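The first chain written gets the first letter, and so on, giving A, B, C and D; residue counts start at 1 in each chain.
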Amino acid sequence: MRARTPAGFVVGVLSISALFLCSAALAQEEIEAAPADSLPPLSPPTSVMISDTPNDRGFSINVTWALSSDDEAGRVTSYRIYRTSDPDTGFAFAGRVSPGDTEYRDGDAPEGELVYYRVSATDDVGAESPSETSAPTQAVPQWFNKERINVLIAVFIFVAAIVYFVVSARRGKDLFIRRLAGLDEVDNAVGRATEMGKPILYISGLSTVSDVATIAAINILGEVAKKTAEYNTRLIVPCADPIVMAVEQEVVKEAYAKVGRPDSYNEDDVFYLTRSQFAYVAGVNGIMVRQRPATILYMGMFFAESLVLAETGASVGAIQIAGTDAVTQLPFFITACDYTLIGEELYAASAYLSREPVLLGGLKGQDTLKMVIAITIILTTIVATLVAVNAIGADFMTPLLITQ
Amino acid sequence: MEFSTLIWTTIGVILTLCVYSFLYKDNPFYKFAEHLVVGASAGYYLVIYYYNFIDPNVVRPVFQLEHGGQAIALGGFEWWMALIPGLLGLLLYARFFPKIAWVGRWPLGIYVGGYAGLGISPVMQARVIDQMRAASSPLASIVGPGEVVDPFAAVTNTALGFVIFAVMTYFLLAKRHLGSRGIAAMIGVIAASAVVGYGGYVVLTALSAANVVSTTSILLVVGLLGTLAYFFFSLRHTGLLGGLARIGIVFLMVGFGASFGYTVMSRISLLIGRVGFLIDWIGMFSS
Amino acid sequence: MLRRRLPLLLCFIAGLFMAVQYYVPHHSVQSAYETLLLWLQTLLAFAFLLGTVSLIRVHYHKIRNKAADRGFSLVMFAGLFAMLGLGFFHPSHHAPGSPFNLMFLNVQVPIEATMFSLLAFYVASAAFRAFRARTLEATLLLVAAAIVMLGRVPIGEMISSTIPEATRWILEVPNLAAKRGIMIGVGLGMMATSLKIILGIERAWMGGGD
Amino acid sequence: MASSMTRFFERFLKIDRRWIFLAIAIAVVIPFFAPLGLPVDVTPPVQRLYDAVDELEAGGAPLLLSIDYTPATSPELEPMSTAILRHVFEKGVRVIVMTLHPAGYGMAESAILRAAEEAGAEYGEDLVYLGFQPGTSAVILGLGVNITNVFPEDAYGTPLSEIPLMEGIRNYDDIPLLISLAGWSASEAWVYFAHQPYGQRVGGGVTAVMATDLYPYLDSGQLVGLLGGMRGAAEYEVLIGRPGSGARGMDSQSVIHLIIILLIVLGNVAYFATRRQRKLAGEGT
């Protein structure tokens, strides 16, 4: 089932335009044939070669050719590429490229049929000099993208490292985790809110589950909700995405049920506000100045709104703990919040708070990969430098740079 | 100037002023604008998502047997492909019926799992492999025969950074309890990179019998390794790791400061735009 | 089984398929992937009604409980139902001059743009409040910020031509190194989190536990 | 005396942030009424875009200007469209305007109406507004084949064949330069789908934050020139000799940047002055 609409549209547009261009070109050719003193016709492109596009979904052919000998003199204005399944019945326009170009990727070739191509050099009055017809070939889809084999290997190593450490953690191996100041503060912050009789506000970012940071935020909410449920502190969770809301209602409800206080859960406290970025900010600002939360947590994906939220939060005197992997927003949280989890720390947070061995095992796996990455960078930098100054031959690099 | 344009613009102006009143303090005008925009935007998104996804992909194929302008068969493959997301969507509403509320987790499972799976490989490619490749660029390269090496430019790249770092090290030593091993490690790393920076420059020139210029600051590599060290969770930040992590923090802070300063301009542009909108509105009456 | 295991199984299958399709360019797999992606987006569209119900519920309770600000809940309803009414019951809601679009452009856009522009004020107040040279880290942050800020406006060049140069160096060396380190770390964190979700090790999303 | 200074600093540190807000507001508003006219240096990317526009012939092949920005980014990008339109109308260069974003429809229309009125340009002869078509990449590719396939009519329903300016204009072959002004990825789309396949010369105008991401295209020649943010617009205004909202914006920018830096410096002076005092007090007890 190929996505029909866009492809159909493109085919439609292209074939209509091909018809138009062909007729226009033909009409002009007739006119141009008359004057005898005009320049001689362009020499056509030569050695047109075609091949199936490698590592693709199908329907695609790569076309290459040698430039027309008039190209250098600047007489060629474009190359036009034509395709057919039957060279006897005529060619259909497939695409156009600039002078000097010697390749084209045709993404509309039929599957499972032999196709032929022809490339025309076109001059400034639209006269075309077509090449010889190419040998035929077929557009074939591939089952494996060889260009991505390096990614596959890397992912495989990563998965192996994580699984190894998770399994060894399950066997009861003791795992150390360094201190994360922002997370140590979560307990105090919940206690402080309880003492003051004020609520805790949890903002799980403005993105959807498609950002992994949002998933991390949901995991952290699970831990935070357990604590607020124990202390019986009010937890307000305004959501910017309805799916995130659905999940977070579940998370908070279960947390209250687990500590034996299912009745304390109030569905009106985990709610959807609006998807719209700054309308959401307007609403949350309102909640901050009117509910005066003792603690505000910002976890997940944030955009330009980060500082508007964090400054308003600071102005109501709340303790603020932020965590995001949005590099551009980190400076604003660091400036306006009391504690900030930077990048990867956000992803370590749920393991840190829960102290569950399997989750901590995952962290150990991440660290192992980090070590591998650091060593690779040192080695490749040294080798790349030696190659660049001709101290060693470039061949030496090839096996290391297989990732190209 | 059409009258309706004036009315609509005036509404925009009033709402703009309502929001700015929040800078003074929370007040009924702000509350009005806030509640209005929350309601209106929630409605807007519901309408937009309905017409962009539910209507073309579920309602029309399932009930009107039409998909993307083409007729489809009742009970055919495409019909089922349109019905399934519709049913999954309805399962989300099971939560309103306590007895079957748990089936609401099925679509959430597909949603969360699907997006989790989608992320893994592209992330490995774009955030890890591509970044590693970009980081592994030569620190130096050869200058062509006729070109003159500007010794100043060749070394400032590295030198400037090391001067700054020397000063910072001093402060770090004075203030932090890093342990003598950590401090030694940090000095070691900085000294080693200085040796690589300058010594390497001399050695490479000799090795290749040509003029060599530095192309990438070695600080870029040291900073990257330091930042990675900072993110190490499963080891205590002492010794070599502690020293590297301290260097990492230095780079992180400079980077955050730079990002902050870099963004200020576009934020002010937004304010200028709003003020321009208000002043144009005043201008509407004079014309 | 159906309550706990099936959601985890569905999560695993969907995740595995989405992870594997990255390596399989064949159009049969790619169109299945496109279909699944469309399903996920459609699911989100269905959830918008769920979300809107939640919003209505909260404000309905405010009115019913005679909360202090209940009058403003009516304003929220007015905005919501105006957009829904114009969107669903007014013909050609998407046309440039339709009431739906006019509401969007003249109510929603100005309020949101103004909320956005509050940043100009908050950038200044945050800088004043937090940029104190208390520690070495804070000093680095504020010095880098000040140099880059100056380097971006004409007045920076007027003060000294080294300011724009220093700005460039800061952006291209220390800033780039830090960003790269964050990016790699975040990448690892994202992959580990995704993996733990797919394998069912991390189950907070379905209320956690067993 | 020392104590009165300290008391002042202490009060300064606890200043109500609303005073800061007021200072920012004043700094933004004043240049609207009394421009400072701070000098702006022209950078090469802007110079190159200006040169490309300046080379166009009066009454000859037209410029295609795609106004792709939305209300959210218009503060940075509208000064660019104004400056470019002023430039072309002053030179008598003809211009075709269009948009790739539904929200750009009104932005483009108001920009050309204002510029045309000011320069006395005649619709249909000096400029044409094609309006909006959905499908970013398909639209860009389609224009390379035939403009009338994508836009059979202008924005006001007149068939293109009846518009004098469009006579003899079929596709990119007849358009020497294209400029896209956008706060989203439209500029990249124009590079990928108009420059790569058709060799169309493309120039761009984007927000300040996006500009650094686009410099690689500039180096590789895929973009002929680039305006980045309000600053880019201000530089263009310098080149056409007509300081406008860009230059005025840069005045505000400079002043506010200085205010923020001043606040930081004063905040630190006050912090250290009072810290010494606090330390002394601490020793006393």
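To be clear about the criterion, contacts are C-beta pairs under 8 Å (C-beta built on N, C-alpha and C of every residue); 3 or more make two chains touch, one makes a residue touch a chain.
Since this is a predicted model, take the numbers as computed values, not measurements.
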item	value
Touching groups left behind when chain D is ignored (all other chains fixed)	one piece
Winner on C-beta contact pairs when B-C is weighed against A-B	B-C
Identity of the most central chain, Cα criterion	B
Greatest separation from chain B - chain, by CA centre	D
Averaged-CA centre spacing for the pair chain B and chain A, given as whole angstrom	12
Separation of mean Cα positions, chain D and chain B [Å, integer]	22
Touching two or more other chains - residues of chain B	19, 22-23, 31, 33-35, 37-38, 40-42, 44-45, 81, 92, 105, 108, 111-112, 115-116, 118-121, 123-124, 128, 132, 135, 221, 224-225, 228, 231, 252, 256-257, 259-260, 262-265, 267-268, 270-271, 273-274
Where chain C touches two or more other chains at once, by residue number	22-23, 35, 43-44, 47-52, 55, 69, 105, 108-109, 111-113, 115-116, 118-121, 123, 125, 127, 129, 131, 141-142, 145-146, 149, 152-153, 171, 179, 182-186, 188, 190-191, 193-195, 197, 205-206
Touching two or more other chains - residue numbers and ranges from chain D	17, 21, 24, 28, 208, 231, 253, 256-257, 260
Chain A - residues contacting chain D, complex	6, 9-10, 13-14, 16-17, 20-21, 77-78, 95-99, 101, 315
Chain A residues within the chain C interface of the complex	1-3, 55-59, 111, 141-145, 148, 151-152, 155, 158-159, 162, 166, 208, 212-213, 215-216, 218-219, 221-223, 239, 241-243, 245-247, 250-251, 253-255, 258, 267-268, 271-279, 281-282, 290, 304-305, 307-308, 310-311, 314, 325, 327, 330-332, 334-336, 342-344, 346-348, 350, 358-359, 362-363, 365-366, 369-370, 373
Touching residues on chain C, where the partner in the complex is chain A	22-28, 30-32, 34-35, 43-44, 47-52, 54-55, 57-58, 61, 69, 108, 111-113, 115-116, 118-119, 122-123, 125-127, 129-131, 141, 145, 179, 182-186, 188-197, 201-202, 204-209
Chain C contact footprint on chain B (complex, rising order)	8-9, 11-13, 15-16, 18-20, 22-23, 31-54, 57-58, 81, 84-86, 88-90, 92-93, 102-103, 105-124, 126-128, 131-132, 134-135, 160-161, 168, 171-172, 175, 217, 219-228, 230-231, 248-265, 267-268, 270-271, 273-274, 277
Residues on chain B engaged by chain A in the complex (per definition of touch)	19, 22, 25-26, 30-31, 33-35, 37-38, 40-42, 44-45, 68-70, 77-78, 81, 92, 95, 104-105, 108, 111-112, 115-116, 118-121, 123-125, 128-129, 132-133, 135-142, 200, 204, 207-208, 210, 212, 215, 221, 224-225, 228-229, 231-237, 252, 256-257, 259-260, 263, 267
